[in-house]
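To keep things simple, chains are lettered A, B, C and D as they appear, and every chain counts its residues starting from 1.
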Amino acid sequence: MAELLPLEEAVRELVRDGDSVAMEGFSHLIPFAAAHELIRQGCRHLTLIRLTPDLIYDQMIGMGCADRLVFSWAGNPGVGSLHRLRDAVEHGWPHPLELEEHTHAGLANRYVAGASGLPFAIVRDYLGTDLERRTANVASIACPFTGERLAAVAALRPDVAVVHAQQADREGNVLLWGIQGVQKEAVLAARRSLVTVEEVVDELGPGGPGGTVLPHWVVTAVSASPGGAHPSYAAGYSSRDNHFYQAWDAISRDRDRFLAWMREHVLEGGAGKPQASPEEAHLGPA
Amino acid sequence: MAELLPLEEAVRELVRDGDSVAMEGFSHLIPFAAAHELIRQGCRHLTLIRLTPDLIYDQMIGMGCADRLVFSWAGNPGVGSLHRLRDAVEHGWPHPLELEEHTHAGLANRYVAGASGLPFAIVRDYLGTDLERRTANVASIACPFTGERLAAVAALRPDVAVVHAQQADREGNVLLWGIQGVQKEAVLAARRSLVTVEEVVDELGPGGPGGTVLPHWVVTAVSASPGGAHPSYAAGYSSRDNHFYQAWDAISRDRDRFLAWMREHVLEGGAGKPQASPEEAHLGPA
Amino acid sequence: MALPETSLAAPSEDGREPRYTSSEMMTVAAARALPNGTVCFVGIGIPSLAANLARHLAAPDLVLVYESGTIGARPSRPPLSIGDGELADTASSVVSVPEIFNYWLQPGRIEVGFLAAAQLDRFGNINTTVVGDYASPRVRLPGAGGASEIACCCKQVIIVMPHSRRGLVERLDFVTSVGYGSGPGDRERLGFPGGGPSMVITDLGVLRPDPGTWEMTLTEVHPGVEAAEAVAATGWELKVDPRLARTAPPTERELSTLRALDSLGW
Amino acid sequence: MALPETSLAAPSEDGREPRYTSSEMMTVAAARALPNGTVCFVGIGIPSLAANLARHLAAPDLVLVYESGTIGARPSRPPLSIGDGELADTASSVVSVPEIFNYWLQPGRIEVGFLAAAQLDRFGNINTTVVGDYASPRVRLPGAGGASEIACCCKQVIIVMPHSRRGLVERLDFVTSVGYGSGPGDRERLGFPGGGPSMVITDLGVLRPDPGTWEMTLTEVHPGVEAAEAVAATGWELKVDPRLARTAPPTERELSTLRALDSLGW
């Protein structure tokens, strides 16, 4: 039964050092404000899980939160590389990062299996690729009816799932719409879940295409975080800040410039403060 | 790419004697008008597939269309037995009916596997029940990661899926909303598909909770059939005719009364006629 | 749905005409078994009636989940089928049938599953498939539907059925849904996420699993019922809990609410 | 997204300044490969640009499917990412990521899948994972994403990439997505529903699989390009089809439409 908590308190209650944490949102509804709170609270030794690490994990990896990354496509979409992620993988800065990489289909179905209470799921890809032998949690399985060989992927049960949505009501029921990604699966697969929302409303709705409700009894905590997806977006509330995605390329290329940006916009911008106002949450590029 | 066809022509083109036919709709949106057209065209030796055979298959079985039934719950919901189905199983009238019975979860996931292009799906039930040894297309499988034993169900690929929906546009895109059942999965699993709709519109929408669009390129034929779900219903267009479900119990108990009813309301009511008008489609109890 | 007919009826406390039928007692006992806020998987019939009765009494925040994919339905009219529009219109979420089973029931998210049974054995295993031989049955019943998944996966299962030797049998003609299998360890061996049947509520009393043997044992009798009556109406040698309790009779409020729902066709 | 920079350019027919860049030729050739009505799985970059160019030219009814779950999107503004709101707002259906892979891509419903590649070998296998050793890579690339499923399951795959010895290599550093594996029979053995790569469109020409060996063979060169140039820019011993054709240069309409899209940020 979801508790409505300030973001700082929710992160403190739900996330522990060493946890596996899935912060999902497929280009849309990426929970940046929550990630910044994890960074401010100095979370360490996390296993970060996400189909598309994106800028959100580039920032967390660069700030030393993660020991391990489980992912399927690591780039700055339409722009180029994730420089902090590459620096960790290629040069071990700020420290080495262990990778477990999948295909989108495989990782999405690891969440599906977790959400379904099954120990594994089956998919067609991986076969014939080097992922098949490189990647943990992938195995071969034969169809008991046809003998056909397929790939099995192990269920994911993250300690915590963090997602962003448009609305929650006062009971903690959550409504999200637009591009849905794997948020529902991540929340249902996780042991605990935190949903940041654009606003808490008396009555949910009306929503839009792809609308989905997460009932309050599968959500652990809800935190109001208007603008909390920036530079990603929340359909009906904001647009994707493509300019910031482009600007991040230069900010993140250099370790010092990255650290300066994080200090100014994340560490000092939010530390110890009450829940960010809409203006504060809208962190523009440096 | 969906063709818009009169129902009589669509059934003639899509359904052949001996086909496996899945007519889905979970209490809501059951394609009765299409079933009546199959009965009028004298379809024979069908394998009928449906989670809840309901009155629609009681009528088809009683009229001798089916050799085989694949199902998971056979009753008149909230009323009692399906007497024509029981007469076929218990007394071989009008001829014997072979049964393949599943659990809802198992049969739903047989469609899911078919829709997903996988040869099987895994579920937790069947284990420990007599279904496990009685039912074809169920096998035991071990998780390659944990060793845990689960049930595997074989994918379903019906020759034809028939469903009813609220709207189609002139391209053949289909919109349905309300209780969704397994219609999407049945259409995506089948080799051919027929969708009857309440109305053909210039632009789809707005729909309601549970709204789903089947794009025109996964549908073979669309037929306008206003009221075509009666005595089931189409959210936004009609209500479930609970009175008819209750009246069916007496109509169907007796072979002669059943045959007289079918003759009057289905065979003579629709044979050789053009597409039923809304009034004709609304077949009241005798 | 109308309540099942029954000739049993509890006498009123002053010995005059029965104040309520034994079937009403059964429904009230089922409603009481649902604490407020419980997430409950309900089928049509007594389970839906009992759950909605609870919602009108002590459990206004009961979360009703129907296998038609309606989550958090708050019907104000009685559904005849689990797919009635009323359930979708009042639900907080409407999902597909594969999703309701895969994401909601199978992982063990549901706290209480309500089941009916044509036959039940001493370990709470259930038959809703056939009476007689499978290949040429005396009576062909509806089959499994969602029941075997509910029995497998809900945290606890409550079974509601009339008490008779035809229903509570020594040996099932067909095992449709698993209770405790053949005793301790079987659910674990099968890897079931749910805890199994916690109560069998009949029109005579309540059976609960013995914590050592998992055998369904008479722990409660309804007002006016003697343990011997329940034992006689059971097809196996029903054990009686030495601390046998007596169900509190329906309160005026329980009865009037139930009858109001029933008169509306619930 | 801006077109990749390139120094290659085709001369105009009268020998004056080039009328278009080789990269524009590549995009136009990719757009032409999409017949009207095709159901097409597109990623961001050249694939999305080419597919939307086709939609503005000969293929107005192209069905665009993006891995963000937007089916039938008709964007009027350029998406920077596959998850741009424009794609959801203009789609006929928006589904979850598991669904787009499980119900739409995996069963082989998609006719054409567009892929980019960092490295490609003679059998159309693709590397988008690492350059160098996996454990300590020289360059860490984005990884598989949807590419390996697209390569496995689309009826045909069209690969668009600049032509260079660094890209078209003898041996991949990592096999991310399977083309024809090590030759005939491999896709069948792997049970893949899709047909494999039908074209590799580069800025120099077009490679197609030899129907006997499945080896990617130069079948077409763009205007102003000689076969020897393409062979020299290929890391394996590129075979040249004896019936080598020459790509028709971009028409005025193709070029002006492409440039209009490009100037809008496509």
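Keep in mind that, in the parts below, contacts are C-beta pairs under 8 Å (C-beta built on N, C-alpha and C of every residue); 3 or more make two chains touch, one makes a residue touch a chain.
All values derive from a computational prediction rather than experimental measurement.
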Using the touch definition from the top, list the chains contacting both chain A and chain D.
B
Using the touch rule from the top, work out which pair, A-C or B-C, shares more C-beta pairs.
B-C
Average the CA atoms of each chain to get its centre, and name the chain whose centre is farthest from that of chain D.
C
Separation of mean Cα positions, chain C and chain A [Å, integer]
41
Whole-Å gap between the CA centroids of chain C and chain D
59
For chain B and chain C, let me know how many angstrom lie between their CA-based centres, rounded off.
29
Counting only residues that touch at least two other chains, what does the list for chain B look like?
112, 117-118, 124, 148, 150, 184-185
For chain C, jot down the residues that touch at least 2 other chains.
93, 102, 106, 153, 193
Drawing the touching chains as a network, do you get a line, a ring, a star, a complete graph or other?
other
Chains touch in the following pairs A-B, A-C, A-D, B-C, B-D
Could you please specify the touching residues of chain C with respect to chain B in the complex?
1, 44-45, 67-70, 79-85, 87-89, 91, 93-98, 101-102, 105-106, 129, 134, 136-140, 142-149, 152-153, 174-178, 181, 186, 190-193
Under the touch definition given earlier, write down the residues of chain D that touch chain B in their complex.
37, 39, 63, 71-72, 92-93, 102-103, 106-109, 153, 193
With touch defined as at the start, can you tell me which chain B residues reach chain C in the complex?
26-28, 51-52, 71-75, 77-79, 81, 85-86, 89-90, 101-105, 108-109, 111-112, 123-131, 134, 148-150, 178-182, 184-185, 209-210, 233, 235, 239-240, 242, 245
Please name which positions on chain A make contact with chain C in the complex.
1, 112, 115-118, 173, 184-185, 188, 212-215, 217-218
In the complex with chain B, residue positions of chain A that touch it
117-122, 124, 137, 139-141, 143-146, 148, 150, 152, 154
